[in-house]
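Here it is, the structure in full.
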Amino acid sequence: MSIQPTGLRAWLLTDTPTSRHHARMAAYYQAWLSLKSNHMAMFGLGILLLLVILAAFAPILAPAAPDFQILDLRLTPPVWVSDRDPNIDGFILGSDSLGRDILSRLLYGSRITLYIVALVALIAPIAGLFVGTVAGYTGGWIDIILMRITDIFLAFPRLVLALAFVAALGAGIENAVLAISLTAWPPYARIARAETLTIRNSDYIHAVRLQGAGFIRIITKHIWPLCISSLVVRVTLDMAGIILAAAGLGFLGLGAQPPMAEWGAMISEGRRFILDHWWVATMPGLAIFTVSLAFNLLGDGMRDVLDPKEGKS
Amino acid sequence: MTNLLDVENLWVRFPTRNGIFDAVRGVSFSLGKERLGIVGESGSGKSMTGRAILRLIRKPGMVEADRMDLDGVPLLTRTEKEMRSVRGQKISMIMQDPKFSLNPVMRVGKQISEAYRLHNRVSKAEAKAKTLEMLEAVAIRDVERVYEMYPHEVSGGMGQRIMIAMMLIPNPEIMIADEPTSALDVSVQMQVLEIMDKLVVERGMGLIFISHDLNLVSSFCDRVLIMYSGRVVETLKADQLHNAQHPYTRGLLDSLPRLDAPVDRLSVLQRDPEWAKAESVTS
Amino acid sequence: MNAFRSAILGAAVALAAGVTTVPAMAETPANMLVIANRIDDITTMDPAQSFEFAGSDVSHNIYSKLVNFDPADLDAGYGPDLAASWTVSEDGRSITFTMREGVLFASGNPVTAADAEYSLRRAIILNKTPSFILSQFGFTPENVEETIVADGNTLTITTDQRYATSFVLNCLTATIGGIVDSKVVMEHEVDGDMGNEWLRTHTAGSGAYVLTSWKPNESVTLTANPNWYGGEVAMQRVVVRHVQESSTQRLMLERGDIDVARNLSPEDVAGIREADGLVVDSELRGRLMYMSMNQKNEILSNPKVVEAMKYLIDYEGMQDSFLNGQYVIHQAFLPATYLGAIDDTPYHLDIEKAKALLAEAGYPDGFEVNLVVREAQERIDIAQSLQNTMAQAGITINITVGTAKQILGEYRARTHDIYLGAWGPDYPDPNTNAGTFAYNPDNSDEAGATGLLAWRNAWAIPEMSNETLAAVIENDRDTRAAMYEALQREHQQVSPFAIMFQKIEQTGRAENVQGLSLGGAITAVSYWNVTK
Amino acid sequence: MALAETSPKGRRKSSPFTRFLIKAGKTVMAISVTMLGLLFMTFVIGRVMPVDPVLSIVGERASQEMYDAEFIKLGLDKPIVVQFFYYIRDVVTGNFGISLRTGFPVWNDIVRVFPATMELATIGTILGVLIGVPLGVLAAVKRGTWIDQIARVVALIGYSMPVFWIGLIGLLVLYGMLGWIGGPGRLDVFNEDIIPPVTGMILIDSALARDWFIFKDALSHIILPASLLGYYSLAYISRMTRSFMLEQLSSEYITTARVKGMSERAVIWKHAFGNIKVQLITVIALSYAGLLEGSVLTEIIFSWPGIGSYITTSLLSADMNAVMGGTVVVGLVFVLLNVFAELLYKFFDPRAK
């Protein structure tokens, strides 16, 4: 065999882990290495890191406040467009129908996108994980009831459910997040249940049970950690859908409220001008597209690495 | 005696994150119309050797050899298309577990007749007749019914007999049996082996029998290669097994329970990293 | 054509070069008028119930009325339609119409005074939403036998008191004044519904067109009525297709798939102006855009605050930017072209003045209020502009966007702070707006006068309500006009309504389409004068 | 079944017919429970909406008396449990009430709009399957190569595209500028109402009537929105196909097939693909169901009078009868598609019998 690596790398690459922690770290490192060899996934990850940085430094980077209006300079084209009035300063990506700087709105909007994504990514999978593991582990009537409820939510047209929910609680970003989570959890519950069913009867769980571990302890300490990886993959792949759903709600006017610079709402505002002032809808459209694609690339790469179903040779 | 197969300095390599992994390292042997056993523990490269002969090592794995000739003609330089007429027709292989090695959604009969029709231009009816005949040859009763069955409906022993029928039907010159009985119940193991042995002998084929079971191999084969860590550490006539020199072979023998010489405690197999570094022995 | 479009076009053409040639523009048939419009508000075709813009448009072309407007000359006011002439009694309470002779319904039945009697009584008895337009004259289901009476070739209607004749006749031009074919309708009566269910999806009128098909949210198709007394129309078929997006309407118009596009954004209007073979018409409509402040809110009930707010609206800025060409500044409750309408615009954006007023009111640092607005882009834009200018005087506006019905519920329950919305007149008489903006006889919650905008904003105005009442019975046209003018000037000063704009409908049409009248501020669209 | 006794598990149970009845009964039970839950949820949504259903009917200018009369007429004065009971009773008898927005019985509206969505979703799914399946197979076979990467990017772009934006651009270029395709709506305006509706799907109806002119027109209108939906389902189907294929390609029976001397093409299509067909059916059914309910924004952009835009616009205008009815129907179709996929699974997969 080839050269033996040394140091931390060696520790992480070991065939003979010295502890459970060590083994887990080694497994993560292996996963990371194979993810790293996937250029597209890395590209996606890079974009997302960039997004986080942009969001964090939005106040410094943005040339203007996101809702500062100059009505006289509305619908100014981006700087590179030839028929733009050369006397106008700023508005690198153009201005919108109220004369606001699109670049600044995009930068501030990235915060909202991240906020939505982070919240949904927290709420939906955890709810799904909880329902799925409880159903899978306890079985019997509880399982039947919980899975029936999951089916009902699955059968419900997703956008309609989200719309109805937002309409009921009132438009707004938090409610949009809740609504999207409400439609997003059932698939996670199904995945978690399937995983739990395979884990439940393993010798390892029997052993833990024989040691006297309680229901909650088994679920939280022994089942949840094993479900996490497939859920993480699924969440990452779902992110694009979540962003698009949030944008769809914004598009229908039920997401972020004005003057919030939410990307979907920006598209919705800008679509009226799509024929003559293409940049107003296109800039946020590209932003949404880029971030969705980044999440998809990363998620797809992670699936290759983490999902046992992919059948690694 | 002309050899059916000559292998010289065969290497199978896989690139990994930590460099190149050599699964088979410089193995050489020849096969006539005989029964050659390859023995070793899991990971010793014995299955890889079998698959390398059929050139079924999947990318990015690489197969290299100074010589790998079938009937004196090189195998490594053949195109993929030429290899296809080798596989099945000249060299065939029986795999470990019929549960996995039979296509689960295809009727048994169709899978067998497909193997025949690939190499013989015959009508469906002829292929079926031939298949039924072959099923009978592997001691299956009620062949018409089995012909229509799906793999999950047959038992392990019957599955492996079906596998044998499928692999023998094009009448190959060489049969590679890769642990053909290790997934079966002990009660049917011998039955299956006997059928295979009988057919191979009847048809005058060369047999490469891959197994981790030294006793089985020695009782069943003419010659044995012992592999360790990708290398052939020793090669022996089956009846000379008790004369084995290599400490690894000795270890293997000692770790087997023997009815004729019971011991209180089986010895633990000792390994020496030096063995892995030594050159392969040539048979 | 701008850079982006040329770039895309270039790329696409390059892709297709030599493979496909660009086909000729599509063209609609010569005797067919195709219109793109938003028609998702139509819920019924029954003139006694229909009360929406798109519904009125259809009804107007299907049902003749006793009196009506001439689409070629809207300024002339109402004129004879099915009634050839009319006389007013001494006491001013009764009007007797003499029916036009020889007019047939689309079914072939003759149009008689009995049909007119049936139609008006039916509207009162059914008591659907728009019935107030007639019942405000004292007609009730109980008294119609006496108050609406046909006799031979004449129909006499008797009101509960003296009203301006113009007021009554203007109301009869509303959709609810449509005359239905009583024989056909009665044939389709189910459970005493006077054919209401059948007329929802069918028509039985004597107008220029008959309804051939109505697919909700998709299209309405009209075909010419061969029996129409006005003679043969050039457009034998009229199809109104529901198209939600302005840009889509524009594309269809540019492609020649439609003749007229009715919901164009200012940007698309500008685009169509540049296109060959297309023209843009602008027509002043009756709808007003206003902001109102709930007087239940302690801060907003302060007159100084109300006045300050009116100075914190960038009227010109909005009119000249995103509302360009679609709204014109208008600050009184009667739309221009209505009797007594004024064009005073006392308010303009004046932050300093507003700040001074706020300081006087005791809010030098401003305050925070909520504003509710319906999910419609132009309204949201206006709201954001308000938010922006008011912030400059320290007032923080929180915008809540909701669906139309949601916002309306809040408005009617008087739980809003500030409402931003539009109001369209119901019939072409000044009372239609005076009676809601400047009339609120009982401001108590129990009154539940949810139909009155003044009540909705909890604005108690006993005296002004009386002035409004006085104006409807004044029969001298000039005096009446003067009364409304005075009423509006007072309203402008003291009311919690900041009326901002009046709607201009900009329609894109193919050059060859002539004679289309949208009905101005007073009535609905007419297709019968259209030629191509 | 004759093979029962040779089956390794060989459970000896009551007759096959009884077993079938039990199975069928269970399925029907499951469907009913799901539908009941769906009804309950739609009912709750109808209740908690901060929109006044009475006001939606009587309109902005109505008087208090008119309002009260309608309130009683709708049964809103009854206890909520009674209202729910009435609701269930109505739905079971096929009465979804009158749509406030269109004035038609909701059922009639659904019968009118559903075929439009079905036509769109069907063409979309066909496109998605025809392109997505081969793409997924190719990506799996050529795993790790540039072909795989391209297939991946193509699919992921499909997932990431905001359809409302790309739809408008597509209309602008293909219809507005080039005139290659038909505009919004299902037909050119002057071609409407010519073909008598049989199935409500214009492509089928015009083909039945042998009116190829209308057929061509309908095709030119459906092609862009269906392609957009198809792209979406292509993305999903190709990724799932790839994943399934990879799983199969690493199986032992594939080696067996190769050992037999089969060509790679036959190995892939006959053996590996033969094994994923069943899984694919489920995926396709799910993606079809997804298109049926998920085409809202596409329908809005293309003025396509389908069920998605029907429910959404009804919701936005507080037309709860329409929302409830539409949702129940879509939910039912979703559930039935699932059951259907399961049945196909049982039919095609010998192991499931």
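In this document, chain identifiers A, B, C and D correspond to the written order of the chains, with residue numbering beginning at 1 in each.
Note that a contact is a pair of C-beta atoms (placed from the backbone, for glycine too) under 8 Å apart; a residue touches a chain by one contact, two chains touch by 3 or more.
Since this is a predicted model, take the numbers as computed values, not measurements.
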item: Minimum number of chain-to-chain contact steps, chain B to chain C; value: 2
item: A-C or A-D - the one linked by more C-beta pairs in contact; value: A-D
item: Chain centre separation (chain A, chain B; CA means) in Å; value: 49
item: Inter-centroid spacing, chain D versus chain A (mean Cα positions, whole Å); value: 25
item: Chain A and chain C, separation of their C-alpha mean positions in angstrom; value: 46
item: Separation of mean Cα positions, chain D and chain C [Å, integer]; value: 39
item: Multi-chain contact sites of chain D, meaning residues that touch two or more partners; value: 50-51, 168-169, 172, 176, 251, 315-316
item: Touching two or more other chains - residues of chain A; value: 167, 170, 252, 271, 274-275, 282, 313
item: Multi-chain contact sites of chain C, meaning residues that touch two or more partners; value: 5, 245, 247, 251, 375, 403, 406
item: Contacting residues of chain A [partner chain D, same complex]; value: 40, 148-149, 151-152, 154-161, 163-165, 167-168, 170, 240-241, 244, 247-248, 251-252, 264, 267, 271, 274-275, 281-282, 285, 288-289, 292-293, 295-297, 300, 303, 307, 309-313
item: Touching residues (chain side chain B, partner chain D) in the complex; value: 51, 54, 56, 80-81, 84-89, 92-93, 95-97, 100-106, 114-115, 118-119, 149-150, 152-155, 163, 166-167, 170
item: Chain C to chain A touching residues, read off their complex; value: 2-5, 245-247, 250-251, 265, 267-268, 270-271, 314, 317-318, 320-322, 375, 377, 380-381, 383-385, 387-388, 399-403, 406
item: Chain D residues within the chain C interface of the complex; value: 50-52, 55-56, 58-64, 66-67, 99-104, 109, 112, 168-169, 171-180, 183-185, 188-190, 192-193, 300-301, 303, 305, 309-310, 313, 315-318
item: For the chain C and chain D complex, residues of the former touching the latter; value: 5, 8-9, 12-13, 16, 20, 22-23, 25-26, 28-29, 32, 34, 40-44, 51, 127, 129-130, 132, 200-201, 212-213, 215-219, 221, 239, 241-245, 247-248, 251-252, 254-255, 257-258, 375, 403-406, 408-409, 412, 426, 448-451
